[in-house]
Amino acid sequence: MLSKNELATFLATEFPQTKCSVESVGLRSAKVRHEIGFEELRPGGTVSGPVLMAVADVALYVAILGEIGLEALTVTTNLSINFLRKPSADADIIGDCVLLKVGKTLIVGEVTLYSEGLVDPVAHVVGTYSVPPATAGR
Amino acid sequence: MLSKNELATFLATEFPQTKCSVESVGLRSAKVRHEIGFEELRPGGTVSGPVLMAVADVALYVAILGEIGLEALTVTTNLSINFLRKPSADADIIGDCVLLKVGKTLIVGEVTLYSEGLVDPVAHVVGTYSVPPATAGR
Amino acid sequence: MLSKNELATFLATEFPQTKCSVESVGLRSAKVRHEIGFEELRPGGTVSGPVLMAVADVALYVAILGEIGLEALTVTTNLSINFLRKPSADADIIGDCVLLKVGKTLIVGEVTLYSEGLVDPVAHVVGTYSVPPATAGR
Amino acid sequence: MLSKNELATFLATEFPQTKCSVESVGLRSAKVRHEIGFEELRPGGTVSGPVLMAVADVALYVAILGEIGLEALTVTTNLSINFLRKPSADADIIGDCVLLKVGKTLIVGEVTLYSEGLVDPVAHVVGTYSVPPATAGR
C-alpha cells in the first residue's frame, strides 16, 4: 500500500490543475479534500454538481492507486451520483472513498461526500474503473 | 419507528409472492433475507441478477416504511446495481439497507447484498424512491 | 451477425426459465417481448420492477450475442434503471435495445421499455457488460 | 416552448461562468456546445470527465427549462454517466439531450455526448431532476 505522501506527490505532479488534496489513505480507502471558493459556487450559494463529481473521481482514483500502484492505468467507465443535500458555501468538501471490489480488470468503489463539519452527506457516488489489459497483466 | 413484526406482517400481506423475509429493522436501516433455490439460479450455478435487484428493492422498501409508516405510498424511481462477485448457489442472499436521505418527496438508500456467510458483498445497489404528493403532505 | 432464429433457439435452450422471446435483431440492436400475467403484477395492477429489469437484461444479452457470437461469455457488471410511467397490466412489455459501445472488454447499451401499444416508455435502462479475458481474446 | 435565444440569454445571465452555449432547442430536447481548450484537458490529451458531466448537466437544464419555463426551479437529484470513448482534444463537445419523462415533480432525460465531427458518442448520461413543490404547483 502506498503512503499518503507518495499519493499526494503523485497527484500534485500528474494533475497540477486539481484543487483536491489527499487527507488519508487506508486499506481499500482514501479521503480527499477540496477547498470551496467563488469558482466552485453556483448562484444561491451552493457547490456546483461537477465539482462534487470531480472530488469523487479523485477520491476513487487515489484509493485505487493506493491499492494497485502508481504505474497502473485506470479509466473511469461509469460514475453515478445522487445529490442528497445542499452543500455549504463556506466549508470544504470532503470525499470519503471505500472500494467495494478490486478485480483484475474492474474496480468498483463508493464515495460519500460531506461539507466539512456536517454529519449528513451532501452526495453519494458509485464509480467503476477499468484497468486496461496492458496494466491488468501486472 | 415500526417493529420488525409489524413490517414482516405487512410484507407478507401486501406482497404474498415475495420470498423475502424481514431480518431486522433499525434507524433508517433494514436487513432482509431471500432463500435461494432452483428458481433463483442461472446456468453455471449463480443467482440471477433480477433476484438480487428484487432483494434490494424489498430491503429499501422495508427500511423506508419503517421510517415513514405503512400507510405511505412510495414509488421506485431509480435503481442502480453493481454486480461485484458471483453469488453462492447454496447460500441465502442477505440485503443490508441504509437510507442516505429521507426527504419529504425523495428518499435515497443503498443496499449491500451478500451471500450469507461470505464477507465480501456480491452486489451493491443505490435506489431512489419518490413519495407522491398525496402522501408527502402527511 | 446472428439471425433472429439462431438467437431465439439459443435463448430457449440456455434460459428455459425466461419468459422473454426475441422479436428482432439488427446491427448493434435487438427487440424482445415479455408476456405479462398474474405473476408479473404487483398490487395495484402494475408490472413489478424486477420484471422490467429482467426484460432489459435479456434485451441487452441478445443484442450483445448478436454482435459478438453465441460462444462468448458476458457478465452484467452494472444495470441502472429509471422507472418513468406505470406499465399497463394488460399489455406485453417490449424491450428495445441499442448498443452504445462494443469494446473488447466492455459493452454498454441502453434499453427503452414499453407497454405494447403505448408511445411513451415505461422505463429506461443502461447496462454495462464485461467480456472476460478468455473470450475477449477471440 | 422557449426559443433558443431566450434560453441562451438566460444561461449567459444566470451562469456567466459556464462555457456552454445553446445550439438548438426543440420539443423535449436541446443541444449544447462546449469549447475545449487547455483547461478542459487531462494529461494524455483527453477531455476530463467532470467537463463531460457539466455539459450533460447544462444540456438537461436547458431542455427542461425549454419545456417548463425559465421561472421554474429544478434540482439535479441523480446523474449517471458512462464513458464510452476517448474524446478528441481538438474538437468541441456537443451534448444532445432528449427528455424521457416530464412529470410534475420528476423529470428524466438522457444526453449523448460527442466530439464534434465524430459519429460515435464519447459518453452517455441519464439524469433525474426534481421540481420542488413550490414550482411544481405551477
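Chains: A, B, C and D, in written order; residue numbering restarts at 1 for each.
Throughout what follows, contacts are C-beta pairs under 8 Å (C-beta built on N, C-alpha and C of every residue); 3 or more make two chains touch, one makes a residue touch a chain.
Keep in mind that what you see is a predicted model, and the values were worked out from it rather than measured.
> Going by average Cα coordinates, which chain is farthest removed from chain B?
Of all chains, D has its centre farthest from that of chain B.
> At what distance in angstrom does the C-alpha mean of chain B lie from that of chain A?
27
> Quick check: how many Å separate the C-alpha centres of chain B and chain D?
Spacing between the chain centres: roughly 33 Å.
> List the centre-to-centre spacing of chain B and chain C in whole Å, with centres computed as mean CA coordinates.
23
> Which chain A residues touch at least two other chains?
Only 77-78, 80, 82, 128 qualify.
> Once you've mapped the touching chain pairs, tell me: line, ring, star, complete or other?
complete
> Mind listing the chain A positions that touch chain D in their complex?
Residues 14-15, 17, 39, 42-43, 48-51, 53-54, 57, 75-83.
> Over in the complex, which chain D residues touch chain C? Could you list them?
80, 82, 84-85, 100-101, 108, 110, 120-121, 124, 126, 128
> Touching residues of chain C toward chain A in the complex: what are they?
Per the stated touch rule, the residues are 77-78, 80, 104-106, 128, 130, 133, 136.
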